[in-house]
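Going in written order, the chains are labelled A, B, C and D, and every chain counts its residues from 1.
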Amino acid sequence: MKQVVTGNHTVAHAARVGRAQVVSAYPITPQTQVVEKISEFVADGIMDAKFIKVESEHSAMVACIGASAAGVRTFTATSAQGLALMHEVLHWAANARLPVVLANINRAMGPPWTIWTDQIDSLSERDTGWMQFYAESNQDIFDGILISFKVAEQVLLPAMVILEAFFLSHTAEPVDFPEQEEVDRFLPPRVATHTVDPEHPAAFGGLTGPDHYYELKYMEHNAMLEAEEVIKRVTQEYGDLTGRYYKMADPYRCEDAETVLLVSGGVASTAKDAVDEARAAGKKLGSLKIWAFRPFPREDVRELLLGRKRVAVVDRNISFGQEGIFCTEVKASLYGRDGAPPVLGFVAGLGGRDIKVRDLLAIAEAAEKDDCPEFNWYGVKP
Amino acid sequence: MIEIRFHGRGGQGAAVASSIIADAIFSEGRDVQSFPMFGVERRGAPVAAFIRVDDKPIRVRCELEDPQYVMVLDPTLVEAVDVTAGVQADGVIVVNSPLEAGELGLGEDFRVYTFDGTTLSVEHGLGTRTAPIVNTTMLGVFAKITGLLGIDALEASVKKYFPRDRDGKNAKAARAAYEAAGSG
Amino acid sequence: MTEKIEIRGACDMPPMAKSLGRMSWNLTGSWRNVTPVIDYEKCTICMLCWKFCPDLAITCTEPPEIILDYCKGCGVCAEECPVNCIEMREGI
Amino acid sequence: MAEVPKKLTIPPEEHMCAGHLACQGCGAALAMRYALKALGPNTVFTVPACCWSVIDGPFPYTTLGVPLFHIAFEAVAASACGLAAGLEIMGKKGVNVVAWAGDGGTADIGIQALSGAAERNDNILYICYDNEAYMNTGVQRSSSTPWGAWTTTTPARHFKKRPKKDLVDIMVAHHIPYVATAAMAFPEDLVAKVAKAKDIEGMKYLQIFASCPPGWRMAPEYSVKSVRLAVNTRVWPLLEVEHGVYNINRKPRKRTPVAEYLKLQGRFAHLTEEQFEEIQGMVDRNWERLLFLEKSTHEMAGVPLKGDKAAASKGKETEAAAG
């Protein structure tokens, strides 16, 4: 059934119907409505979970880690400073191979104090061993969280569903909620292995020397690679159930596109209007949404981008001293391949600066110029 | 695409009102998107909320600049903020005010309607003269004047958003306002 | 006593650093430079030596015995013995 | 085959094995050994960075006969809360979830999570084994290091000039059902307290004084002796605070001078006789304070204090009034 719901409330609904058993979270703007709604669900008895109302995001993640180690399905949500405070234990969750699921509401990092969106918070956690999925719409948030639980529990890696502050978190729009029985069929209770259990005593995470640590990392990387296959299988299954098929790299009108706008998050949605407008004006523009950032869909990106005239990457983030992070990732995927197009980077929309249809069209147009620099600050007032 | 902007003061329920209208319009079969002003809300400070309506799926995710419809929940806001900013020519502006439209000084470019929502709200037990709760009342006025949605859909959505309002004061006020307001 | 576990590589490991056996393979007796010797003539079997051994290197038996495989030679037993029947000896 | 002795004052069962990596004469190893005797096998430990994250042994081994979940330094209390919630939901009944941390992981970096867990009154047992410095990293000062002590970050010429942080008071201020101290030189008392705490619903805090021969610059054989002296000199009083009511469990009749305790340890070797006296003063004032707290909290609660007839009769009055 479709209901008009904000992104934040969608997160709470997904945790509820996904039957998260332990939720541990700490409030932070713009995520607060998630914890408020889950508190309400638990208090009203319509969500059968224990909500540990911790004193910090660090403890929120740690409590999820503890509960997940005991074998239950766990969930938390945070944003920016909160995610950064979790950083140490994001590693811990991944290295302990615990399928914690987290919703991060993309908010720019201070100082100065800011509550508006960009992706630097989540992309700074790129190498923690978490899967990352960037939502385009509230529907994506809901579906992404359910898919994440299932994939995470199969490959034993945690997963992060990421949505923009305000543009998604506070925006209400229709979301199709499947019936609980349907969700239960797709996402049965977690079957945990290697749990902390007095009947099977063992130590977890003890001191590990160079002889063995290296192999543990090798296995973790392989799990992330395996996740790619699992994501494809699970999204197929989810699509068969709901009619919504998710692709790790999702093209829009790319068949004959000469210029491809590479986008992520809610910007991917606006980009579709931009592409339609350009097409109506006779331009061969397409867009490619990166939904799964970790694992990165390298093969898909190659398949979709090799042979294009150019790729314009819209990065709502920056790796200072380098360029936008999606830009680097795309370049790395295409490097040395026949038919690799020029990849032109455009940083845009940091700290919640709006990215409108006309901005995306201007980026595409700038990219088509012969002398377009490799790296651009779009719309900056120098 | 139809774009709508609500002006209010923090605590007056402009964001809730925008959610209700979006919900009601969606129930009549159109796609909607609603969102508050992106920022920190403080009680009393001027705030805004936005709605997009379309017959096809709405995909733009950015702020809204040039609405066709504006609603002003607080009479004093007309002085405090530029409620006509970006409004398209011939756009409709609905203001909660005891004054006549012409007395507001909003110019000749727009169709301005006034309605004394405060009095009707207080009569329906929604707040007091000093702290009236006008958002649901003004939604009734807005529905009537713009013709964007029907009163039945609005009433259903109001009830959905105020499950603890057992007497249905909000829904009654919305309907009374709908009936009292002149049509656009 | 558990054996030392041989791990050839990832194929022998759980996905996380989860223990597969106990530390008892680790014979800490090699840490010792002085050795407790109980004079059973004097021992009253009060079991204080057993009670205060940090290394579980004294048996809970009548009479108690030093488990030399594990005794690190800390000397707590000799210090705590109320009848001074434990001597720390060098060169054993 | 030799028999198990009949007159044991603590349970004979061991839930940890020999072969662990504690230093010679380690007080923390003894503290764990005793705690496990009280807890039994239906127990889960979670441990932050501390000596015990090494003592237990490297992957793929463990010393404990119960699960041990390692967690980041500042996080052990939250880890225990998560484990407790998870185990409860998994239907594992009556599992003792124990957060086991050193004084640094408790009084310094871990205090936020500890305070959070205590304020929520989550059903965990938090045990701090207090050896009064960061021993695992080589004897750096912690906020639990006492006045006067040498550490590698408070060298003898600039020894620590601030008193030890009083975690017991801090935990009492959280209004949790059980706060207690123990010492690994008094195993019977320690075992009894852990056994009592494990059956209390809610947050329990136990701080075990545990010697560290290398960190205290002391011969390992004095491990138990030094801690016994800490209690007998009133440096480390054994006490329980239940629902705010203090009980001093051991009141040494003879006042042993603090100098006896201090002189056993190289970490106090630089102190002068005057400074010994200064410490004696601090210890005496704290003891008086505890006696006062014991008396006054008993009076307020209307609970008779052993040997205090006035409080006993007041208790009866209160009872009668309530009846």
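We adopt the following convention: a residue touches a chain if its C-beta (ideal position, glycine included) is under 8 Å from a C-beta of that chain, and two chains touch if they have at least 3 such contacts.
The model shown is predicted, which means the values in this text are computed figures rather than measured ones.
Asks: Look at all chain centres (mean of CA atoms) and spot the one farthest from the centre of chain A.
Replies: Of all chains, C has its centre farthest from that of chain A.
Asks: Which chain is most central here if centres come from C-alpha coordinates alone?
Replies: A
Asks: Between chain B and chain D, what is the gap in Å from one C-alpha centre to the other?
Replies: 62
Asks: Can you give the whole-Å distance between the Cα centres of chain A and chain B?
Replies: Once rounded, the distance between the two centres reads 35 Å.
Asks: For chain A versus chain C, what separation do you get between their C-alpha means, in angstrom?
Replies: About 52 Å separates the centre of chain A from that of chain C.
Asks: Would you mind pulling out the distance in Å between where the CA atoms of chain C average out and where those of chain D do?
Replies: Measuring from centre to centre gives 25 Å for this pair.
Asks: What are the residue numbers in chain A that touch two or more other chains?
Replies: In chain A, residues 202-206, 208, 212 touch at least two other chains, as defined above.
Asks: Would you please write down the residue numbers of chain D that are in contact with two or more other chains?
Replies: 56-57, 59-62
Asks: Using the touch definition from the top, which residues of chain B touch two or more other chains?
Replies: Answer for chain B, listing residues that touch two or more other chains: there are none.
Asks: Contact residues on chain A for chain C in the complex?
Replies: Result: residues 95-97, 156, 194, 202-206, 208, 211-212, 215-216, 218-220, 223 of chain A touch chain C.
Asks: So in the complex, which bits of chain A are touching chain D?
Replies: By the definition above, chain A touches chain D via 21-22, 24, 50, 52-56, 58-60, 62-72, 74, 88-89, 92, 195-198, 200-209, 212.
Asks: Which residues of chain C touch chain D in their complex?
Replies: 5, 7, 13, 17-28, 31, 45, 47, 51-52, 54-57, 59-65, 67, 69-70, 72-76, 78-80, 88
Asks: Across the complex, what residues on chain A touch chain B?
Replies: For this pair, the touching residues of chain A are 2, 4, 6, 29, 115-116, 137, 164-168, 170-174, 266-267, 269-270, 272-273, 352, 354-357.
Asks: For a test of understanding, state which residues of chain D touch chain C in their complex under the given definition.
Replies: 2-5, 7-10, 12, 14, 16-22, 24-27, 29-30, 33, 56-57, 59-63, 187, 213, 219-225
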